[in-house]
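I'd like to ask some things about the structure below.
Note that the chains take the letters A, B, C, D, E and F in the order they are written out, and that residue 1 is the start of every chain.
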């Protein structure tokens, strides 16, 4: 083999970069998202069920919320009729946060795991946040 | 099959060509597009394989029985020896950037003259025999069977490439078609499929030291004639030395400079310059050829021919070597000589005895290009020049392929030209420097058998000359290459007859004001020198 | 798992169908779909999957909402403050001390509020009398006309709305508004909000905002906060309904509007 | 007498005639390398195709321009010659057989007949077409002349090149034949006189 | 062709490096604005547009002015402009780019800029303005590079360029007209509410744009061998003189209407600018400078003797540029917001970060201009040689 | 036909995991086995190919020089296009690899009436190529968010810049669009330019379609047929921790995406995609043009037959003597 030094070095760099995920995570604790539904409102529910199926909510909640806000702001339709026929007010504050009043334990779990940073909180007040702010 | 085609074509003019894949189109050997095969005597003299009488237009090429084995073994051997070959076989993405960079494609339109396809000719065989994917997927992966038709195709197209490397400038991976053509030709050589226009000069050079096979005494005659002409036109008697031991510098130039027009005028330029400087130098009859048609044959042949220069330098005990204006000669000297026949530890690092300049860029090979040498002289004001003697000339400069793309000697000749003549005009920028166009006669194609092909391939170069001729009245095309001087002359004669071809040092010789010269009324060519007043009839 | 499987097969059907059936055209059409989706309601595309959207049955509805401000009933400073504070609190209006302030409902002296309606011999005290100002909810709003993104638009019930998610902050509407009703969030408003009301979003920096007749309250069946707080000094109702309180009030009292000559047809009436 | 009529028809149909003529020429090529230029959208980006295109355009334009009332005379011959010369010069070194290099021009006749079919019935049109055709014939002759000139030039070059290449050797040979001759005059005579032109 | 920008003298590279350093510095301020918001500017609730939009307005004029070369050259075959054409077109490219950047830096939510295209509002003049600006940029890029390329290849430009050039004439006029409509159609902004706004804009553009072009050409000619030719300079200077006269004339029309009618809303902005209103005089000095410089420049430009004197011409052009810049590039916007709809006066002065950001945009423009002119001049020098 | 074949191949590749998962429940195979195999093949195959190249020496130093050489001190050398030492070579290679220097130089030759040749600038290929490659890289690096916990800041920065424009939900990545657009251009170019179409092989189309398929499935997953990202990340993190798990309920489209990527990885070492490694080894680019300054060694330089001076003199001695040329042996 010729130019051994340079080529081996190059290959090592290449292999290192390719397998970087393997190295990067060595020795790091494997944290799995563990979203908690343990809020007062949910505890009181007989049937613990979100407005749509869990799977739909996991995959499509962002598009659903996006649709909600368009509907509420632009079409002044404020009520959502779920597939199961229940009525919900389309509002983060009035509906979602009612049950999911634990932003850190619920939203954040997956969002920080998947590194998704929505800009919801630039305007919408995180549940519980107003207290901190008010006391300032 | 071809006959049937022709008949059909004659009776049915509505015949539409099928959209064939390139692999299914075989070349037609027509006069003007191929070179005659090497004569057996030349091959025999050089101990090369399969010397025989044969013809490319004939069906049977009289290949050896185990031709396939020879080719495949040859390929394997070269893949193992040349990383360039192996890498270039693998990494082409067929982006097509090279397609319209080849002068033969531009001038002729034959798709297989696109560098990418020229390389695919051999790549397809490589894939079929040396890669797993190619062996399994076959044609789907662009692989094909090695057949005799493939050999014919190789012969046709690898002798339609002038190894000018223009495509390699534009290739995003630097794939160099010259390298591929050289491998292709080496493989063809193994089968004895080579051309006489290359092999005869090789044989001659091997034996006598120069391409035409001129023997030492005849060489002296040629010089004699040149010296007589110099005496007539300049009034100075020059007596150069030959094979002189103990000289400081050995001077090597392509042999075309001794006996071919217009090279001789360039040679006279060297003689005048070196005489005027009083340089302690000598010519050699043994190493009397700077050119090296081995480059168009095989790496081994390059080495066999090139060995003479260092051997002669060692025998004569010179300190360093000065080289004349030539293209492929300088590719060999610059890129191969030291590696093949060095180290030249018996020589000294070149120093100009006139200016004291140390040529650091030649400190290992110990061979200096005369343009570098002369540019240094002019820069240090060591020459008395009268550029007005070249006032008749409106000059442009053709960068020869090898000095520009294998060496990068671009500014030196321009510097010299601008000091020895007053009217200098550049050709369009995409046709000069590293993007220069070939004369279409390099790499052993400069023969009359290829005349149509050469005129076609020379179109881009001729066009650029036409451009400056139309705009600025350019009438002289300068170049630094013996093959250029020969083939551009013809090319110009056909496309732009008003333009003549010249070497750089011919202009130097004309402009050089020498001690003891008579009043110059004739140029080195014997044309009258324009007076500053009157004599406008020329 | 069963439904998962069905869902999966549907996805596969769609995706392979897309790939096989239309190849690159598929790519193109999905790019177009992306465009429409981005442009319109994302949920509409998924309407079949999830529920439907309707307006709230309890929402207050009108042909054209309007407000009459009975200046006669604004006597003490507290009359003004009540209305303004009610709005500020529920809408998270920041209190920014500089010229880059945010105002939804505020007061200006009569001479500034009605510069074209003055003479030297005005009723005593009127010249300096504070007037409550807010977005006029014009029938022909210049701000809507100039908005390059449709971030401000007029609802069918006449309310000129702001879509904070769409506003790019070009402030063309502010230049166009002849009433100075619009404010721009030059900075993040949150540090300037004394008490954040969790039921209503704050705004982010870089968007324009203004009074929207408490559209969110109307949708819940409530009157605008200022009206509620005004103890009857402000009357809110449907101009298209001849029996509404506001029509009745307007028909029996003299009312003026700001800059009527501009033809914007404000929906705020002032009763002197 | 060429009536304005046929010229008008020609200029009207210039595009159609050119396309058909080009196709006719292209169709006459077998499946060799030049098949390549046929199926491209911009077929003229190919040098061979481009040479054909230019030749056809030149000829048709000359035909349309030919408002002269006389029979094709010396003037028109020179004009065509000037136009076609450069085109033929490149065709002379491209992959054309002589019949292809020059004969393409005859295909125009058929194309014209087909294109003018409807008008042919009109008064005098037939005669005008015949007249045009004879002009085409003479153009073909002009092309042929050019073509031959350049082919001859090529052979001349072959010889010249050989002379250049072995210039000194030939000179030497001359010397042995005529030792008293003036080398400059004998060896350099030809190039010098060509410089004088 | 663009590769020409990579080969240059030491001076050229020093200039480029300088511009990049400057740009980096200015970009730093933009980052601050990006994170803090527009609060770092001098704008306020009452004066909600400022330096940025004013620069945008001014530069639209500079961009549109290329038409002063296009019309004589292409419509009247005035060949003397052949060596200046491309410089004008390339300056237009730089100017339009700066226009778009000024709008961009003025946005409160720059990351939503695409909303203008995603939710096009046909009734919004700003939508049309962005459309015409984008179109003008594309047109000039296409025309500029195609004609330059054709010149380099020593071939006539392709046939489709001609119609585009004619289109670009109309388009250039439209960009500035539409920009004028941006202001002229707003009820409640009396200073802008004028039917001759577009005409004023065009007149201002056709004097200031060519003036800047001439000044830049003078500057460039100190560093390159390329010369645009005396005749073209004279011709352009004449155009500048006429356009400036029209510009001043239009302004006087406005002043007359305002003061003879004695409508307070019409008079107040002028009063504020030139005399100050209720003791607010922040802009007075500048405003007074403006007619002074304008008249001075006209005094030099109108007599042919002084106009054809390069030194005097340079002085006149500088005076003219400053004068028109104060007019369109500053006062126009500020005065539009004064007094506000409640008759109150809020003064506006740009802050330091705001000025730096504006400078940054100008730096980008200079960078583009330098690169494009470098390319153009290199090509021109090659083909002329 | 080449095109169709390549297209069908990619469609087949997309269908395989659909069947495997939809009907055979082979989540583990496609979620774990295939990716592991693909990455192994990729790394090993890549290394093998490079080492195989490395086995062949570079006997001669043959750089293509694209500018003035280093010669006399007063002549300005073009250090990047004609480097004479390591720094220059590094610069040249960096320009080549990061900015596609050679492609940037591209021209288009046109034959015009006359005949006259003209050489136009031709930047589109360069633009599309550089857009494609850089977008691909950015997308690749962005995917690191699925392979790391916590996600390193440079990935966040990249995501922020790439998703700068707030378009749609989830925010549109500019590189997604650029990648697909560039691929589309490269494809159209390959079909529309006759020269390029003529030289194109099935594998050329196949690679384009494959990468387009990967991009398309990725875009579909992000914007249209959503999958459970958390599940995907769990799968990814399991893979890299060598403790593979296949969480249930990941959308099927993901497996198509993953399988196409695996195909690309596995196919890589056997294809022209190896230009990624090869470009570093191209002798016309990665060598300094210092041939006459420094001797380059050819490891297999073998002795050859030469015509020695002695042999030469023996043959021509008499003639040389007659002509007055000095000889060794009288």
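Heads up, the rule we're going with is that a contact is a pair of C-beta atoms (placed from the backbone, for glycine too) under 8 Å apart; a residue touches a chain by one contact, two chains touch by 3 or more.
Keep in mind that what you see is a predicted model, and the values were worked out from it rather than measured.
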By Cα-centroid distance to the whole-protein Cα centroid, the innermost chain is F
For this structure, which two chains have more C-beta pairs in contact than any other pair?
B-F
Distance between chain centroids, defined by C-alpha means - chain A, chain F (Å):
37
How many angstrom lie between the centres of chain C and chain D, each centre taken as the mean Cα position?
79
So the centre of each chain is just the mean of its C-alpha atoms; given that, what is the distance between chain A and chain C in Å?
30
Computed distance of Cα centres, chain F from chain D, in Å:
47
Can you list every residue of chain C that touches 2 or more other chains, as numbers and ranges?
4, 7, 38, 42, 204
Residue list for chain F, restricted to those that touch at least two other chains:
54-58, 105, 110-111, 115-116, 119, 166-167, 169, 198, 249, 251, 281
Residues of chain A that touch two or more other chains: which are they?
2, 55, 60, 63, 66, 119
What residues on chain A touch chain C, complex-wise?
51-53, 55-56, 60, 63-64, 66-83, 89-90, 92-94, 97, 119, 122-125, 127, 129-130, 133-134
How about chain F: which of its residues touch chain A in the complex?
39, 42-43, 46-47, 50-51, 54-58, 144-152, 155-156, 159, 166, 169-170, 226-230, 233-234, 236-237, 240-242, 249, 251, 277, 280-281, 299
Can you name the residues of chain E that touch chain F in the complex?
1-3, 109, 111-114, 118, 149, 152-155
Residue positions on chain F within touch of chain B in the complex are 5, 49, 52-62, 64-72, 74-76, 78, 81-82, 84, 96, 100, 102-103, 105-109, 111, 115-117, 119, 125, 129, 193, 195-196, 198-204, 270-272, 274-275, 278-279, 281-285, 289-298, 300-301, 304-309, 312-313, 315-316, 319-320, 322-328
Chain B contact footprint on chain D (complex, rising order):
24, 27-39, 46-49, 89-90, 93-95, 150, 153-154, 157-158, 160-169, 171-172, 183-184, 188, 192, 194-196
